[in-house]
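Presented sequentially are two complexes of chain A, the first with chain B as partner and the second with chain C.
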Partner chain A sequence: MSVSLRRLGQALPYLLPALVVFGLFTYYPLWNVIYMSFTDADFLRAPNWVGLDNYTKMFNAQEFWASLTITTIFAVGVTALEVVLGMMLGFLMNAKTRVTPLLRAAVFAPVVISVSATAILWLFFLNTQAGPVNRALALFGIPPIGWFTDPKIALLGVIVVAVWKGVGLPAVLYLSGLQGISRELEEAAIVDGANRWQVASRITIPLLAPTTMVVFFISLVGTFQSYGLVLLLTRGGPVGSTELLGYYIFENAFQFFQMGYASALSVALFVLLALLAWMQFKVSERRVHYQ
Partner chain B sequence: MTASDKSASDKYRERHQSKPYSRRRAAARAAWLQGSLSLLVSLFFVLPLLFMLLGAFKQQREVFLGSFIPEQWVWGNFLEAWNGAPFGRYFFNSLLVSIIVTVSVVLTSSLAAFAFSRMQFFGKGLLFILALGPLMIPGDVLLIPNFITIRQFGWQNSYPALIVPFLASAFGIFLLRQAFLKTSQELEDASRIDGATPLQFLFRILMPVNAPALSALSVLTFLGIWNALVWPYIAISKDEFRTVQVGLASFTNLEGSNVPVVLAATTLVILPVMVVYIFAQKWFIDSAASSGLKG
Partner chain C sequence: MKKRFAILAAAFGFGGVLLGAAQGQAKRTEVTFLYGLGGELGKAIEVMIKGFNESQSDVTVKGEFSGSNYEGVVTKALAGIAAGAPAADILQLEVSYWPRLAQAGALEELSKFDGFKTTFDNFWPVFKRQADPDGNGKVFAMPWNNSNPVTYYNPDLLAKAGVKEADLRTYTGMREAAKKIKAATGLPAVAIESFPWVLEGAIASNGGEIVKNNRLNMDSPEVLEVVNTWAGFFRDGTAVVSNANSNLDFCAGKFAIRFSSVASRPNIKNNCKFAFKVAPLPYFKKPSVPVGGATLAISKISPDKQKAAWQFIKWLTQPEQQFTFIKMSNYVPITRPTSELKAFKDYIASEQGLDMGVRQLPFARPRPSTGAYFQVTTEIVKSLESIYLNNTPVESTLKDLVTRTAPLFK
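Up next, the complex of A and B:
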């Protein structure tokens, strides 16, 4: 025991730099946000204990349930598209044509472009009045679409931008998944007379299941907490149609200064993400590997 | 040899050649199809960027109404964009913050990963959970309390607000520990026999041997901090300390602004990252693919 305690003394200097940062900016604030969710904290007065008031307010707030619904639609929509398109792009990127290097570079480029730049170039590209897309549609007699200004369409607009920006990572993960699959099984199936589609659907795609699981959860967890695009593209509007939970928290905290209520919302977001993490753990326990 | 014999042998040859020939043709057709599909998809991804670039060179009156190619290439838009906001300062801030955070993350992650992969000590399991815990706790949940913390520290509108919360990374510790565990024990034994201290072994041998993992961590950290938006947006309200992304974010109101100048500013912000990306594409893509392993 005393030896291992002394060894702890030797190890601590290596660990302390990281642990001090985590203590100050992860664990202390986690405790603090839970504490604040039971107070009426704002920037003006000292916070008072209000018990469960913020949570009661949250469960009774129509905006909270609306933002939860919107977040779910957004997260599920983006995740579904990223899994399906990511897989298709992975297959296409695995081909060996002269255009393939260009394709790989083009699909991944948006991943390295910042949210700010992405927002501006899409605000221009999908501009309602005279953006290039609406102008092209006008040639076919289609009236201008309010990609970010029509309450019925804005969420779709944000999803399109999020997928454009995000699908590069799933595509690359699928590409490396495909490159890791041994050719033997596919060749055996071809010898047995299977066609291209049968090989893909019965052999290759099932073999990619581990990649699919990683992509699924990375996308889902990522989209549940990403509202940077909404902050710049729509500010939650028009009429709250793109009010993601993260943005709803941001608004309450930094525009209405209702820190207590926003903290309760943050705790709710934390619980939701913890549930997702728990689901991921359960699914990965069941092993989707075929090796 | 009669004519009929000849035609029979031709038929034989035809029958036996036609199959590989048509298969080759089918393969060529498939490659052509894949190639054109790839081109089309690439175009979809590049098109918004292309319109931004062309728009940045246009005159204000033609940006929405004129032709695809600018009538006249207005280079002045870039000058106007650069002078329209203190972009020099923004770039300096972003560069400073990103470099300090990246160097620090590599250091703090290496030290912790070294302890977790090469030492046995009391409480290792618990400390390991504490070190990886932040992976499970999303930053967005911590936005409010961290904002209050930096206000208490008097760090609002300062470099420490942008730097200190990010000096260590649970993902970095995880990534490097995986790499360090794979490095053979013999290297450590040999360096110990040669009289190297643990720190010397870490910095002179373990880190250089694991350069690929360190470089992946560096590029991901740098890019993450360079592109960060929400935290710097909240923590900073003075121009002096704004990063490039926050500075650019103030241009998002297209209505009532000089659109070509806004597009020029966006181009200026994207350009450095794109240039590095084009020359070191494999580095970016491989690093990102390695990050997928954490899921």
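Up next, the complex of A and C:
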């Protein structure tokens, strides 16, 4: 028996529990979804093999392309805002002031609030007719904004809520990144005459590149899969303007009982995310500088 | 010796009592009931379950909230079917949901159960038609929490515009009244849903049908007239599309008129500081309202559990139980004997508009029962929102809608 086989034999008992869990709850469902994407499964009767029909339908469906476009805008919008705001909040949370503990709690609190509670809260805040936000805007002569009811605005409304709910995690990751940067580098730059902005832009932010990559990827993957907020805030409307891919999949699977088609959509989403992951690794290999 | 014997006998006797009690407990058949209403209506359902469990000693019903709404019940039911074990023994299914599950053979046929005919014959005709659309005597879902839409209005805003309740009786009259309300108050007059429930009633009141000959009939002249009139409210600037907050907006005085279910009344009453009033749903040529709400169905389960589930459903449809539930929920009575209870008549006379749901029952009609209709409604919503909010032309948008949905009916 070769050394590597012997070592594998020794390692297997330790790996087995994790392998079983992954196999049962990740690889088996994944395989099942791929299989179902080639059938007309609806959970109500035995599925029939339909070959590539679901994929053909997907590529010809106007709704799929519209939903992919909306999802891309949503994902890019939310990710960009989470990166920028997360970094800014990370800097604020890293400052040692009296209000820092309160700020840290306030920034992270929305992350642990349930999606349902978030939706109820923001349906009230951004209510077109009587919401506090529109009332405040009215004081400056701004007419009521249909945050969730105007087809041109609704996606922006959902982005605002998604960023409020999600920015706490990037902020904490940036805080952790900032605390890992040696103070000596910043102090040396200050001794050399750099001002605060130069220290931040030339030293701190570049050194946060690994954190930025993590935040960027987590946010992008999360937003591409997102559907809960849309389900509760807009149900994909008005006029399909917030129909994210995740919601489109949910709608086809559990409202229209088209499990086969929903599986094909899920496979497409999986391929898209795998592609994004591959790109992230490639970029981080070339562009991210570690200390 | 005698003393020992007496102690032994007492011990056996006590043991026997315990065993008997345990057997008595074990004899109760347990059935699960998955429902899709939360909040006050969910609490009302739990009160009914508790009442049933305390009323007899054979069956225990365990209630489970779907966590979201009627769709949550279907989602869990589907997952159960896929797993080969029903999600629950009794399912609360929205009136347009059950046909698809029944067609797939996931529900028990109910006419075989004891006392079915007596129970079914007591239903108002509209609920019989909703439960047995083909008229072949096969019933898979029993009516339970059913409703119809009414007109809630703010009398103060109407008074400012000199509009009377009689002006809201027809849609054409309401459109003129809406212009007056807008002029007098600067507010939109009415909230109109893009979900086609109220629309189904409006179309029927104009002599049309939303689904006819297994196709969406929204390109017919009757439907075009209705949608043109409704779109007119938006073109006049007198309407907003209703949404999840519309009850709150109505109560905040942000518009004057709202079409909503009779079962919305507890929610509206809790939120409104002013004395709102209730009027019948408007019509075009003759009054007509659609039925709403949900039914109760039994999953494919063992005969013992089927019997127990049926016992619960039958109990819920009895007049006394119906009345208890109506007082908490404001749903309409599904059986004539409930409508004829003196206590019920006294109750609906106790407040303005409480009687509107039952007054509209004689001209209520079932919702479309084809399995595809649920998916079709999603497309209808998109098209109506496009007409109302994006100002797209009515005729071409509806023609496109009919073409787009045609494959769904196959």
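Basically, the second predicted complex is superposed on the first by the 257 of 291 C-alpha atoms of A that agree within 3 Å, B and C clash if a C-alpha of one lies under 4 Å from a C-alpha of the other, contacts with A are read in each partner's own complex, and residues count from 1 in each chain.
Please note the rule applied: a residue touches a chain if its C-beta (ideal position, glycine included) is under 8 Å from a C-beta of that chain, and two chains touch if they have at least 3 such contacts.
Predicted, not measured: the structure shown is a model, and the values here were computed from it.
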Chain A as common anchor, with chain B and chain C clashing or fitting: clash
Which superposed partner A:92 touches (first chain B, second chain C, both, neither): first
First (chain B), second (chain C), both or neither touched by A:239: second
Broader residue contact with chain A after superposition on the shared chain, chain B or chain C: B
Contacts of A:130 with chain B and chain C, given as first, second, both or neither: both
Contacts of A:74 with chain B and chain C, given as first, second, both or neither: neither
Partner chain(s) touched by A:24 [first = chain B, second = chain C, both, neither]: first
Partner chain in contact with A:261 - chain B first, chain C second, else both or neither: neither
Touching partner for A:248 - first (chain B), second (chain C), both, neither: neither
Interface residues of chain A shared between complexes with chain B and chain C: 123-124, 127, 129-131, 254
Chain C - residues contacting chain A, complex: 71, 74-75, 78-79, 81-82, 100-101, 103-106, 194, 240-241, 243-245, 248-249, 252, 254-255, 374-375, 378, 381-382, 385-386, 389-390
Complex contacts: residues of chain B adjacent to chain A: 31, 34-39, 41-43, 45-49, 51-52, 55, 64-65, 107-109, 111-112, 114-116, 119-124, 127, 130-131, 133-134, 136-149, 164-165, 167-170, 173, 223, 226-227, 229-230, 233-234, 244-246, 248-249, 251-252, 254, 259, 262-263, 266, 269-270, 273-274, 277-278, 281, 284-285, 288-289, 292-293, 295
Chain B partner contacts - residues on chain A that touch it in the complex: 1, 4-5, 7-8, 10-11, 13-15, 17-19, 21-22, 24-30, 32-33, 36, 89, 92, 95, 97-100, 102-117, 119-125, 127, 129-132, 135, 164, 168-169, 172-173, 175-176, 213-215, 217-218, 221, 225, 227-228, 231-233, 246, 249-250, 253-254, 259, 262-263, 266-267, 269-270, 273-274, 277, 280
Touch list for chain A against partner chain C, complex: 42-45, 123-124, 127-131, 148-151, 237-240, 251, 254-257
